[in-house]
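Following this line, the structures themselves.
Two complexes are shown next, each including chain A; its partner changes from chain B in the first to chain C in the second.
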Partner chain A sequence: MSTITRDGVSSPAPAKASPAGPRRGLRGSPTLNFWIFTGPFLAGLLIFVYVPILWSLWLSFFEARFTVTPSTFVGFDNYVNMLTDEDFMGSLVTFTVFAAIIVPTTWAASLGLALMVNRLRFMKAFFRSVFFLPTAVSYVAASLIWKMSIFNGVRFGMANTFLGLFGIDNTAWLASPDPPWYWLVIVSVRLWLQAGFYMILFIAALQNIPQELYEAASIDGAKPGWQTFWHITLPQLRATSTAVILLLLVAAYQAFDEFFNLLSKTTWGRPPLMELYYKALGESQDYGSGSAGALILTVLICLVTLLQGKFLGFGRGEESK
Partner chain B sequence: MSAFRNSNFDRRTALRAALGLAAAGGLAACGGNTGRSGSGGGAGLTQYFHAYGEAGTEQAIKKYAKAYKESNVTTQWITGSNFESKLFASLLTDKAPDCFEFHPQLQMIESGQVADLSDLINPVKDDFNPADIASHTVDGKIYGIRMIDDPQFFFYRKSLFEKAGVEVPQTLEELVEAAAKLTTDKVKGAYLGNTLHSIINPLIWSAGAQHLDDKNQIAYHTDAVVDGFKQLRKLFTSGDLLLDAPTESWDPASLNQGLTAMQWCGMWAMPVLLDTFGDDLGVFPFPKIGDAGKQSVYNGGWSMFVNAKGKNVDETKEYVKWLWIDQKEYQEDWALSYGFHIPPRTSLAQSAEKLKTGLPAEGVKLFNEFGHFDNIGWTQASITALEDVMANCVRKGGDPDKELTKADAKVNKELKKLFG
Partner chain C sequence: MTTTTTPPADRADRVAVSAKPRRVRTGSVIGSTGLYLATGFAALLFLIPFYLIVRNALMTDPEITGEEWKWFPTDIQWGNISEPFDDPSVDFARSLWNSAVVGVLHTVGTLLVCSLAGYGLARIPYKHANKVFYVVLGTLMVPTAVTFVPSFVLVSSLGWIDTYRGLIIPGLFSGFTCFLFRQYFLGFPKELEEAARVDGLGYMGAYWRVVVPNSLNFFAAMATITFISGWNSFLWPLVIGQDPSAWTVQVALSNYMTGQTITYHLIFMATAISILPLVFVFLFLQRWLVQGIAQTGIKG
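And now, the complex of A and B:
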């Protein structure tokens, strides 16, 4: 219902007054609403992020074996110990090697899969699903399958059975770092687990490339295949590739499950998280050194992330293209 | 119109009622999770056990706990290979178990994590294996009750030895040679576990050394031990050692499936192996290393400890006394009805018919003649240090003397913390 004014413009009818008086609660108090919606998240952030970080900082200055409420102050000893610890420094080398192998191989494999699946004319959904499904498998389960069924060292292991067909002796894939067959096992399991996920990202990006670009290139004489891939497809995937590389690097930093399950009780092939697990939460229970190592690692990750942003141009916007 | 019938008020009332019910339900659920449900009274107690491989063990432990009427006892049966990590981490929290099985280690006593159980054990102390009592004693106080003794030695297939013309090895050199003769295109000569961790202690004892001397100083770093690591490296790279088997050495599957001619394992596996091989099975200790060495057997086992920082220490002590001191029927069942273990109670060990003849009797003989027990001062940090030596010099090919020197630094640091 509206009323006619002298200017002939109708004004909205007043809202129906609430018989219960002024509204309260969810609709009436912006401050209350703010705390209701952000309070739980802020509390979670405080309890599960900031308090542990500060506690870890505090622990890193104490002798804290078998306790998280220590009393013996040791200054920077834990930091010195970690920075001079061969195992901890070796874990950074392991991470570097792992990232150097897994990032480009996953990038290439997922892009290759995306290009193949995207060109299919039939059963496209089936093949997308087939390659994406491993993403749903847990790292622990996959690692155990790789270790116990595919890459065990006995004659009935799948890999050894296959090699046996060519007269090749049984190989102990994980027993020793010389030769470093363990990298094949670790890289293959992670590649199988995550290539399908990044394939989906690349398929989405491929479908966003305007068809007109290929048509125009064709008119200009560009040959389909490698030439159009190199000069059109790849540059158009730049933003997605950058994001995929960043995500792969972050995932490489978080590597733990497959290393822990495939290389348990070794002194080699330990990425930083595994090394810190053994230092702090494993059998050593040295929370002081573990906390110092965790903070060193945090600073390192921040630095690497900043450098990544600088070199890859992530977040610079359109002008960077 | 009464306020009670206002539609807004009705919705809010309903919402409040629902939230109230949910909160009450949640609180009730929390309150109910005390572990006191069921037939038992008193406090709800929790006990931690690692997952034994023998069928029926989990059910047995739960059956004993259920039979205890004074408290309701919940069992956490922890699977996986990192029981120690889970136990140590949980002992720092409110969810720590009231009692748990583990091995005697001084750092747990120093940290005040385990309770003095002398008052429970002293009345029956003379009925326990004296070495078990000694390995749990610090300053005259006894901190754990031994549940089972587990001698570990080599199991071997007699027929395969005869076929290859191999005698039971007396020295480590002979073991390496025997493994070479026993290896065929289907069967490897020996299996010592994938990590090789379970033979670290026997290696030290067989070389005539000890982990620590009487003054709690390093005694494992000797020329014979270095030589032992070198010989193991030779075996590791020879192609005669089973590597990357699907299960670790505690599981008899590798020998049982015909993957190896001899395997380092424990007496717990004897019933399963006897079922498979019958008279074609023999046992022998870890062979000696060097002229001053002597064959050895690792007398492992598990003991029950009470969490000294738990909320129900007295009630927990009552429970462990009831089960591991008073209930000899359950102790015998636990030691002999699943795998074979030697009961630490002398009276039970002497009356155990299953251990009196055949291969079990041979196992008991090796236990008595060549057995070595854990040193309570040899704690987890020191254990890990020597595990790293094994990994670095046998599996990775490093120099044993250098690796042992690196381990010395870690062990000395630990010893300084423990003994000053």
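And now, the complex of A and C:
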């Protein structure tokens, strides 16, 4: 590091003169180079992430319908509106139910697939590809298959045809919130789309577990199977599991695509993002309330993330055991 | 059995290629058959949706909506392939083109901007680098989708609605991608760059001539992930592409689904066409992709 600084000091001037020259590239000080490297990204981050958030904060204190330069200051009214808005609060409940189902099921499914694939002796790459392939499919396309072919609620739908074999009547999967069959559709589509991706993370982690641990356990008399899984594999996967759960939660918060495409014409089962979409960009174009809702959501996400970190120890690094 | 112990070195790199069996189960033919049966059944479930797309795309509508479920078309309708392009209600070809332009520029731009920043944060000694890193980390706490209302407000006041600029530029600055690049560069062997600098290259020179050429695997993996997420993204293009001429393929598909008349085989053919390029990219680049994901540092 010290040599770099000396070089920088000794020849700062020709740096800009001949940037193409192989011997004298941009050799200015580390500080200058640091900003050349990170500057464009930081500028973009400030303009397209920080400025909108601050603007949103400002808008959230104003009456702002159909305009982004409002003049009527309303204090915390928008926040009160959103927190007493049944639809918005209902969307938080929808999210909670959604996360409570999708996070554990994806965790279990991706871990299960990883354990299976990892134990295969041949055709490993083939099966891994099959489970991973849905990652390439968009939520829109997958929703389309689910809504129009598998769970379309009429006789020719695949699920109903299959259930018909057992004499079960047609089920209108998406047409009514009672009984809430739409959850099955929503959850299964996301499970199909994302399980393979997290499976890869688990496979990588499984292969990082030192083989000696299993050997030592088997010398100590542990039976392969449930015992070694419970006492060795699972504890060794702790860091990965924590990361996966965190990623799943964040992804669940952002759920929009499949809800929008599967339930677009219904009034139930709207996650927060969809509710905000209708609030801010729908008929009323209420940017003030939309902004307040976005900020409430942001605070919630930060809280959940921090709490999760506290309980599960995300970011504490690998535990040596 | 004892020979199966894998050496701990370069584990991550080999994840994709061929991992030796973790645990050789002694002679349990039944267990092994059961394992293959279970895996095969799960694989079948995972493949059914793909099959359904192809099946529906190559059937006639009466056959799809018939009383009886058919696994195979009686007469494969190859003529269906051109239908999405002939359909006057949605300019499908245009939406594919928009997606291609957006996907490619999004990928190139993101890799350029994020890899430079990741390198700067990982390797250039600057005393406030940590503070700058916190500015980046801060955005990870706020999922990008939550900022869509304020971002929309900003982009619309810039007059970027219905433009490629609006579709592409706001998405280039991904804190997460930058973070992944930083993690990667932290693990890049320092000796190579130092040798390059001793030979007289500046930071930029060393970066382009030494670091990037030696990181092509990681770049390829990140490019694949970025392209897939760009091609598949929906909310932002939905908000920005208000005029049909600015629709991406995902918005076009969504529009078919909620449209007045539903032509099943047309919709499924369009879906198949929208997925096909990605499936190819995916199968072709899978090895890099898996390595890249395994290397991203979220493996624990």
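Following the convention adopted for this analysis, the second predicted complex is superposed on the first by the 284 of 321 C-alpha atoms of A that agree within 3 Å, B and C clash if a C-alpha of one lies under 4 Å from a C-alpha of the other, contacts with A are read in each partner's own complex, and residues count from 1 in each chain.
Definition applied: a contact is a pair of C-beta atoms (placed from the backbone, for glycine too) under 8 Å apart; a residue touches a chain by one contact, two chains touch by 3 or more.
Just so you know, these numbers come straight off a predicted model, no measurement behind them.
Using the contact criterion defined above for the overlaid structures, shared-chain residue A:177 touches chain B, although it does not reach chain C. By the touch criterion defined above, A:66 reaches chain B but does not reach chain C.
Between chain B and chain C, C contacts the larger number of chain A residues.
In the superposition on chain A, A:135 contacts chain C only, with no contact to chain B.
Of the two partner chains placed by superposition, chain B and chain C are both touched by A:265.
Touch criterion met: A:148 reaches chain B and chain C at once. Once chain A of one complex is fitted onto chain A of the other, the partner contacts of A:223 are absent, as it touches neither chain B nor chain C. When the two structures are aligned on the shared chain, A:284 is found in touch with chain B, with no touch to chain C. Taken together, the two structures place residues 19, 25, 68, 148, 154-155, 264-265, 281 of chain A in contact with chain B in one case and with chain C in the other.
Across the interface of their complex, chain A is touched by residues 4-6, 8, 11-12, 14-15, 18-19, 21-23, 25, 32, 35-36, 38-39, 42-43, 46-47, 49-50, 52-53, 56, 64-69, 113-114, 116-117, 119-121, 124-126, 129, 132, 135-136, 139, 141-154, 156-157, 169-170, 172-173, 175, 178, 197, 200-207, 228, 231-232, 234-235, 238-239, 250, 253-254, 256-258, 262, 264, 267-268, 271, 274-275, 278-279, 281-283, 286, 290, 293-294, 298-300 of chain C.
Chain B meets chain A in the complex at residues 6, 8-9, 12, 81-82, 84-85, 88-89, 91-92, 107-108, 111, 113, 186, 194-195, 197, 236, 239, 242-246, 259, 380-381, 383-384, 387-388, 391-392, 395-397, 417.
Residues 18-20, 25, 65-68, 148, 151-155, 157, 169, 172-178, 264-268, 278, 281-285 of chain A are the ones touching chain B in the complex. Remark: chain A residues 1, 4-5, 7, 15, 19, 22-28, 30-31, 33-34, 36-38, 40-42, 44-45, 47-53, 55-56, 59, 68, 113, 116-121, 124-125, 127-150, 154-156, 158, 161, 192, 196-197, 200-201, 203-208, 210-212, 214-215, 224, 237-243, 247, 250, 253-254, 256-257, 260-261, 264-265, 273, 276-277, 280-281, 287, 290-291, 293-294, 297-298, 301-302, 305, 318 touch chain C in the complex.
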